[in-house]
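First chain written, first letter: the chains are A, B, C and D, and each begins at residue 1.
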């Protein structure tokens, strides 16, 4: 019972819109949809896999012609897509991979590679030695795990860098402020903070006050507007810029090709860039 | 004979009186049926059935605690720990799948038992005891899983799949709902919960073992939460460390929308089911209507208030 | 004269009796002082003071609702909306900064007022009314902000900064704490809240305007939540759409740890402050001790249970 | 003459914290006898029996059962020793049915599954014992306090205990229910059940008591036979004699009562269970509302006080119409209401005595929103002294006061508020003879000052002794009016049952209460 005009409506299932990153992703997707004459139905799982499973099941029966999924969790999304796959709808994954389900294409930047780049950038900033702390994302979230993996890889090359504390700040700016403040008490000699996203990096900067960018360097991840601004101010040494708008835009473009029956790449890589004060102008607007 | 007839008559009345949100639910369904052709379709109703199952099963158990005038904030976390330990048991530790569901249920029941003991013997307010368990159990889930999802065992995955044309979650929900209703209304466990919640002092003076009742209702709540967690993980084929985070508020809301009072002494399993359905139908309907996700939250709040409000208006009309 | 002396004596005793978690807090502090040299330092204590301020201010307002036997789940969301609207007012809409704090406070008070009216006149259980507001208000925050952070006005940022050597959040917390304690204990608003919470029917039959009392306590709760939100945003120089998500449980926990009962009729501002401090000190201490984030949650839960448990043991000793 | 005591409280004492409330008291209970405990409010009667019931443990002393020392650590133990207790305060679960309440704690079941038929049977049998015909599936919360008290009694009787303790079971009952209860007591005596009975109605002691233990200030005063005359009992109990139990002095303006403008006027009031109520009370008057249980007295007072909705009709105070269903408005108009159940409707149990007395004046005396703490306290202290409320401190939670003292506090609230129209629902329930006189004198003061009182009372001597006129209610209507001077217990009862008989001929008029009156009349 799909719409007569196949290709009309596409569901974009976003993991959360409480985060500027995904808001940008959605904006990119909406722009592309408008250009291509696609009706885009955005649903927000508020970071809950089960909510997303519910939304995906609903999209299988609500007249959508295809589903773009930004998985809350890669592993869980596989079976959650079952009803969509059963209904014969094409699926495009964006930002995060989907395990255990056939997708037409994955439009993503690489979190592990990005994590590695972030670690290297911080190492460069601190001159390859000294004590650092890591601010982790939501425990158990796939991006937390993947970036952590990347951090470990990246730091492996710098034996003189010591990770003295590794604590979660839930991807949240306010939490990061408190956690960093507290960590500083126990570890007054740190030279760097490696944060799994910009929100936490900005919270850390707030906690560091004048020391940020002077004797303690901070590296974030995402490339949000606030992040770029902090880079320009010299407070944030670097952020790993994903291009969420581009992720969103390309995911819709790929979906439109799939619906038109065209061939698409299995993996569509969107560049991840290390943004520092050197190149920030190219990114911020 | 007359009394018996009266009795049957009364039961119908009290069913309606205790399932007031039913009116809200029906109004909601009619509105959605008018608003979108996708709502009243077989597959969509099946979806709703599956989607409501986790919260419903969790809320069935929670009904016991609330009837006994307690509150259990740990149900979401307990669901996650049960699912995780059961997945660990088979997938990571390689132990026999045959009992993996039992392992999950045991984890749930024991977690509830501990909350109940903290509250009955440690004299902690149930809010605090269960809040403490919320974070303890979530922490343990992260420890067991090392923060990574673990694939569920085949039996647990089966819980999330279909049995012929009928989804297992719906079957499980119906069966556990009937059991819960039976235990709550027909057994001494349920009666004691009502007595303790209705007037703890009177219950104590009548020789009801108040502490044991508290421990029992929390164990039941944990047991159901554990099952709910496995249902959910089974649907995802994966136990996630963040599984069911924040579900406690939805589960409590389902029980309260269903007519129970947080002051204790009142509550019905059928009401709880209606409460859970109200929440699930709202979410499903808003997805179908493609309401923007920011406004969706606003609308959900308004509809919850209205659905419960309908009940209040109806009850006022009945009283006078 | 004798009576007056007796009275003063009683006040000290009742302070201790009502601030039982104080013992838990002291034990906690001693343990941390032994465990890490970084705990008992001036700067760290200052940190704790700043970190506790948001939850404490929020919980001060919430104490009124809980004393009146209600519950307010919306405080976290209201904090976010107030901060967001106040930031929008100046930063996005370019309206005069001078009143931006007042705008935020007004948003908070009105949100609370609406919850109170839903509950008093709409007859919704406060759990449901405030749960509905939780999602409505969070949705509105997202709508206002379009999901993105907005920089706070200078006045709000000032709330998060230092006044000379003393952090503003601590000043605000102390001042509002004193005001809250005064209003709760000395004014008709507070006394009415105690009466309504202690026995609503008896209060009503004594001519106390129960509905107006309910609306008032929720408005107070919203007002304090709004201020707490701006304090937090001021510290971040930015109002975030996710600000204070989930803080409601912490705030309720602070009030309950501080000796209030969710059944109503009991509660103290000083107790609430102690409750908030217990939570803040636990988090601070665990950060200082670099406990792994998985185990941290387990430990937080255990320590909450113990801190409240201490109170229970102490009270038992006093009773007999 | 007496056999061995079956139960002995042997030199028991009891302290709460620093305060000792029972000093070395010994009480014996004999099979087939009714041992009466007599004493003023707060003398320690309830505390004493709570030691038998397993609620409190004695601080010192022993409890002997059949001569053997026993330790009664909880209520379950007490029950298993064959002791059943009817506590002074109701201990029922309002959200549960009559049948569930009667079988509470020993619900009949097989393999944990409740046998509902058996449960109802037990309940019906228990109710039949005291002649109460009530649907056992009714929720207890829907019943008036008198019926709740009867359910409580039925619950205790159904235990078939060897020892039965009755702590003021008659306080809430009307004459006919009390008679039914006493029939059961006599029956139990014949079955050799030992009983302990507490009441502030001295006539009841003579009716069923055997020996009387008098307590004063937690100490033992004397043991006397139940045949001892009332004045002597009062003297033993109070330590002085009381000249006038009913010191009614007609109010200031009763002289030309007919002429005076009514202070309270009700016209055509219809409500749940009330039909066409017209009445007026003039300044200086005390009007009593008499009637059988469930006649509608409580409901009428609640409507007048603004506590309940009414369907039609109007209520005027001092000519001005009262806003319906608004207690605050009624309070402002000078109406004060002492509800029938102090525990659920009258008191904030965890608040202090001072606060409980002060609720009605708190708003009016506040300035700029600030509570007048000193004034509130002074007013509370004055009234507490006046009513001789026995307590340790005015700041003590009212929960720890004895039942009668709690009742005095509820009355005191409205007296200190200076209410002009007092609506009293069983105002002296559980109050001792001495304190009753104080309450009556306060009533006199109010009427002397131009106020008026409408008082529902099941205590016919009180009705006859304290009112100027009697309105007799029956089946939700006012069945008739009698000037007190001409009224007798018989003439009141005749009016009270007048409608009941008519209803029996009209099957359609089977209102909720009909069956009960039919059975108890």
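Just so it is clear, a residue touches a chain if its C-beta (ideal position, glycine included) is under 8 Å from a C-beta of that chain, and two chains touch if they have at least 3 such contacts.
Here is each chain with its UniProt name: B, C = ABC transporter permease; D = Sugar ABC transporter ATP-binding protein.
The model shown is predicted, which means the values in this text are computed figures rather than measured ones.
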Of all other chains, the one whose Cα centre sits farthest from chain C (ABC transporter permease): D
Centroid distance [mean C-alpha coordinates] between chain D and chain A, Å: 70
Mean-CA-position distance for chain B (ABC transporter permease) and chain A (Å): 33
Averaged-CA centre spacing for the pair chain C (ABC transporter permease) and chain B (ABC transporter permease), given as whole angstrom: 29
Numbers and ranges of chain D residues touching at least 2 other chains: none
Residues of chain C (ABC transporter permease) touching at least two other chains: 142, 146-147, 293-294, 296
Touching two or more other chains - residue numbers and ranges from chain A: 17, 139
Every chain pair meeting the contact rule: A-B, A-C, B-C, B-D, C-D
Touching residues (chain side chain D, partner chain C (ABC transporter permease)) in the complex: 17, 305, 307, 327-328, 330-332, 337, 339, 344-351, 355, 359-360, 362-363, 366, 369-371, 373, 393, 395, 413
Residue ranges of chain B (ABC transporter permease) in contact with chain A within the complex: 38, 41, 43-44, 47, 50-51, 54, 142, 145, 147-149, 151, 160, 232, 235-238, 240-246, 283-284, 287-288, 290, 292-294, 296
Chain B (ABC transporter permease)-touching residues of chain A, taken from the complex the two chains share: 14, 17, 41-44, 47-51, 53-55, 57-63, 73, 75-76, 78-80, 83, 100, 138-141, 144-145
Residues of chain C (ABC transporter permease) defined as touching chain B (ABC transporter permease) within the complex: 71, 73, 118, 122-125, 127-129, 131-140, 142-143, 146-147, 246, 249, 252-253, 256-257, 261-263, 293-302, 304-305, 308-309, 312, 316
Chain D residues within the chain B (ABC transporter permease) interface of the complex: 53, 55, 74-76, 79, 85, 87, 91-96, 100, 104-107, 109, 112-114, 116, 135, 137, 272, 309, 311
